[in-house]
Amino acid sequence: MKDHLIETSGCIKCGACINECPVIAIEGVQRFSGPRNLGVDAPRFLPDIGATADNIMMCTTCWRCEEVCPANLPIPEAVLHVRRQIFSAPTMLYGHRRIAENIDRYGRSVEPKNTHDQESLRGKGNVMYFPGCISKERITSIYESSVGVLDKVGTDPWIPEGWVCCGAPLEKIGDWDRLRMLREENLTRFEGRGEIVTSCPGCTSHLIAHYNLEPLHTIEFLYENVGISRLRFKPNERTIRVALHHPCHLARTIGPHAIDYAYSILHEMPGVKLVEMEDPGACCGGGGGVVAGYPDIALNLATEKMRKAREVGAELLLAPCPFCVLNLGRLDFPEIMEFISFVNERLE
Amino acid sequence: MAVVGRAITATALSTGCVTLFRPPGIMLSPLKTDFEMLNRLISPFNLIVGQKPESIACALDELRGFLMPRLEEQGLPMSGDFNQSRCLISNIGSPYSCSINPKYSENGRLDLSERKTVALLGFLGLRGFDPDLAASIFKSSVGRRGIRAYWTQIPEIRERYDVSPSEVAARSDHSPLEENIGRSMKELDEEFIGIPPIFGLSQYQKKMNHLERDTGKRIFEVVTPLSLPGHRLQTALEKVAAREGCRRLKGLTAIDIGFSGNHASSVTVRSRSREQRITFSKMILASGNLVSGGLVTDVDEPDQIVAPLQADISRLPSTISASDASLGSQALRSAMTTGIRTDADFHIVCRKGEVLDNVFGAGSALSGFSLPTGVGLGGVMFTAWIAAENAMEGG
Amino acid sequence: MTGAGIARDLALRGTSVMLLEKEDFSNGATGRSHGMLHSGGRYAVKDPESAMECAREGATLKKIASYCIEDTGGLFIGIEADDPTFVNLFLRGCAGTGVQAKEITTKEALSLEPRLSSRVSSSVEVLDASIDPFALTLGNVEDARDCGAEILNYRAVHRFLVKEGRIQEVVFENLRNGSRESVRPEIVVNASGAWADNVASLAGLRIPMSIDRGTLVVFNGRLVSRLVNRLRMPSDGDIIVPSHSASIVGTTSHKVDSVEDFVVDRSDVDLLISEGQRMVPNLRYARAIRAYAGVRPLLGGGKEGRDISRTYRVIDHEEEGVDNLVSIVGGKLTTYRLMAEKTSDLIMRKLGSAGHCITASEPISDPMAAKTVRDFLVFPLIRMNRKYGDEQTDIIDGCMTSLRGKEILCTCEEVLRGEAEYFCSREDVVRLSDVMRRTRIGMGYCQAGLCIFDMASVMMEHSNEEPLDLIGQYLRERWKGVEPVLFGSQLRQEVFKRYLYDGVYQLESLLGGEAH
């Protein structure tokens, strides 16, 4: 196990992380003490680390703190490590307990709403598609669109039968027993995989870090493996003003190239007028288990994001991440859509 | 053309007042020629080995001509009076920024002579600015006696408690913050009022102007520890770059360089999960100094880009020996004077002495830019300008 | 420490006491100690008398001073290269001196302390604990004051007027304003630690003692959760002590001539790191934030450094011709209460007063559970509970009621502004380092980088001194401990602080270039 105490020892108190933290900006340090306090300062007082339980679950793991840290301190990892250390079943937040119960009951982080059974998708192609809980059980359009797009470009994807939640939400709530259990379960199902494609940047990132696999997000797959030249878009007379949200886990844990790819794909689409929001990389509030743990904070961040989108006259806000769509979708305007869903709509 | 990097820049971490050029020494006798003044301004930076004064003057004019209007457009008021012996380009040329630091406390328009009464206004709940402390230090350093300190409660700040300046700035765009501040200011008798930095970049000029008109006072902004000046400049520069069509890839660490002979051809960058190779014809390394993480204090770091470059890290002695003495520590002096070595055209020089023909160095990553402190960012800007020009020249 | 303990002991017995401390409390060996509550294991083989004292007193202090003790337990570990037979000697020594010790397997040791080297060859569990010497001293001081004692800091004894074999008058200087005062005590107790000989000489007497200097290095974070000692004959770099948010590695031992020689030997720092690494390999990458040196007074007797017994001696100078002077020399922090008891017993006898010692059972401060306050983050409250004993109630009230009391002042150590306000209003708190010792402001990894200004800001409200003078004084004092660890992350930290100090307040020139 990494020595997080030593790894976060390089802090020089520049305050960059605090200035960039979206939760502090919305909630204030009296409610959320922030990345430096939780990831760097508190772990030094080891026996008293439980003292951070009152606010450590408010971090959305947007990863901005590490991005701006001049010492490159792994602050989000340190925060997750503290969550792991203080985890105890009896003191879980209500929303987090629901996640654990859903895992036990359904193998999903959310209660399945969809009984439409596409589990036994047995494509002959070399690509394994891993749907993820939200795409399959909540915003099913993402699941359908992803399969749709993969089909349209000639991949013949297969979905592992009996797949379960990748485990990313469990890392966020600190429940490593369940995380390990899910990983073991999934690895047995991933036999004969070939290329792995995922809809959710959270899944992508988790499969890389914890399963030692090399999955591609759907956007990466489209751009790198399929190629823009092979994408044929339907003609469109009406122009729609579209803004692109940069999901934290896509832009920062996978890489900014994925966002570049998304822009490139959008440029190919007729009838799309791209408008740029202020700070498109600002966290929407969907990550870190905050939607379940502190729905009010998630909503506050979403409200702020939607305001920025409205400010530039966006009619549609695209987000290449099911959790972002889930959280932002709680608000009315502008319309929110997952990126691949939009691509599918317009792809021949 | 892309800017690739991670973390925050040394510019953004600039504490204190951000000037672009500031000659060391408080008292300056009037200088005879522009070139003399130029030399005095440039000399703290060990970069002008082999540069001709005329070409420096020309380059500085170009830099000023390019940068100032664009920065002003982004909301950062700049003034550059070449004949003012204090500064060449400075954001304290604006009516607003002022530091307790006596080097900067006088500027063209803000008259802080004894005749005028000065108030420092603190906001309860705002971190980092204590007007009582500031007034006391101001008195000792500037020798002024007529400074009064006041506190006021502004609901937007006080409600939240213990806010940082950036939080206020983020919120100030959408709240009646300045009305409330204006109301407090009108209650004061003093003519000049200093407030801590609270407005974000885009609204800064507008709001300060508005406050002045509304209250009839002369307002200046006091610099505090970890306040906004450097961050504000950085944001403005990024916006200018974006407007000029520059791509910015954030969150990437350069971990290796591919060579063919003396010619660097590609750089491998890493995000958290992916590695990518970027090919280039020219590369400018501007990774910043010790504080911003561009240079490191020990050699265990495998990600340090300088290692694969085998760049020569050396110490050039600072030309200002007075500052050295006050450091009182060999280790500090060494840390603040060390940097990457380049030739007169800013090509990076390697340990074995070879000069890389298409890799340039710029900014505080180079030796000689971190000490003495307080001379401003003009030097680092200048190196960036010249390095970029040289890079473009070769074709 | 000893002085405060004696003052408390005597005050509890109804005696009228005045304590004069040259600087701030715990200035001497106490404030520069390792913060160890010894189980006695370290002395079990070589110094059985000290071992027995530590074993008994350790248990006693855990009862009466639990408010400032982190009862972590301790380990003695032998590394492969150490003498494998020593463990038997050690266990026998412990058994013979009443030091509780239990041998455990290497596997058990590594599960207790994951950062230990895998080269551990033998391990013994003991009852060591970590104690905060500042809080302990201050607790004694406050308790003594509650019983009527007059306890004054920044008072230096200047002269004894000796006549007819007695000290008639003690003249002392108030270092805060230079004024001289005097007092005519019945008995004078010399509990000045390493300065005992200096003080005794004011009465024309000498106490043979040697001065031994040791270096300690403070590292960021609790690298170990219990005290870790080297299982071998006492030597350099044997001990790592977790204390609050830090780990203290020590120590070394050099005979020095001057009692004021607090200079940190840089080669000692290197030695401590290399020895410490052998027990905890990750020490190599850990961040050293400070180093300090303490001078220990060791009773004379011809031996050198580690060979001198760490036990104490109470000296009644009646035999040497001064009837009313008593000196207490030697000893350790762990046995301070016992030293105070024995000294106080003698004094009571000399005074012809009755009164038994009750310090073995009378708690210095009532232990309390941490408070919870509505709409308030838990961490600062837990920290206050660890630092302040029963005083925390008043301090928390102050934080809640004062206008700015809830603001975080020191982010490293999670200290609120209200805590600083509480202590700055005290008459005996005059310097920023006094505030630091009482609240831990500035003891974290940034070493007061930002909070120095906030401390000055609070102090301004209670002091006539210029804030710049306060700041300069603090920086100059602290520099001695900063310079020896200017490498790695701490070097970067100090470079950043230079930009901060110079850029905003131009401290370097305002302090006449002497700040560093």
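Letters A, B and C mark the chains in the order given here, with residues in each chain numbered from 1 onward.
Rule of thumb we're sticking to: contacts are C-beta pairs under 8 Å (C-beta built on N, C-alpha and C of every residue); 3 or more make two chains touch, one makes a residue touch a chain.
If you're wondering where the values come from, they're calculated on a predicted model, not measured in any experiment.
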Based on mean C-alpha positions, which chain is nearest the centroid of every protein C-alpha shown?
B
Counting C-beta pairs in contact, which chain pair ranks first?
B-C
Centroid of chain B to centroid of chain C, CA atoms only: how many Å?
43
Please tell me the distance, in whole Å, between the geometric centres of chain A and chain B computed from their C-alpha atoms.
35
Could you put a whole-Å number on the gap between the CA centroids of chain A and chain C?
50
Give the residues of chain A that touch two or more other chains, as numbers and ranges in rising order.
12, 14, 29-30, 71
Can you list every residue of chain C that touches 2 or more other chains, as numbers and ranges?
285, 406, 408, 450, 489, 492, 496
Among the residues of chain B, which ones contact at least 2 other chains?
13, 161-162, 226, 291
Looking at the complex, which residues from chain C come into contact with chain A?
70, 114-115, 220-223, 225, 244-246, 282, 285-287, 375, 377-379, 382-383, 386, 406, 408, 411-412, 414, 444-446, 449-450, 489, 492-493, 496
Help me check something: in the complex, which residues belonging to chain C touch chain B?
285, 403-404, 406-408, 450, 453-454, 456-457, 460-461, 466-468, 479, 483, 486-489, 491-492, 494-496, 498-500, 502-506, 508-510, 513-516
Contact footprint of chain B on chain A as seen in their complex
12, 14-16, 18-19, 24-25, 28-30, 63, 67-72, 204-205, 208-209, 251-257, 260, 281
Any idea which chain A residues touch chain C in the complex?
1, 3, 5-6, 9-14, 29-30, 33, 36-37, 41-48, 51-55, 71
Contacts from chain B onto chain A in the complex sit at residues 6-8, 12-13, 160-164, 166-167, 170-171, 226, 231, 249-253, 271-274, 276, 288, 291-293, 303
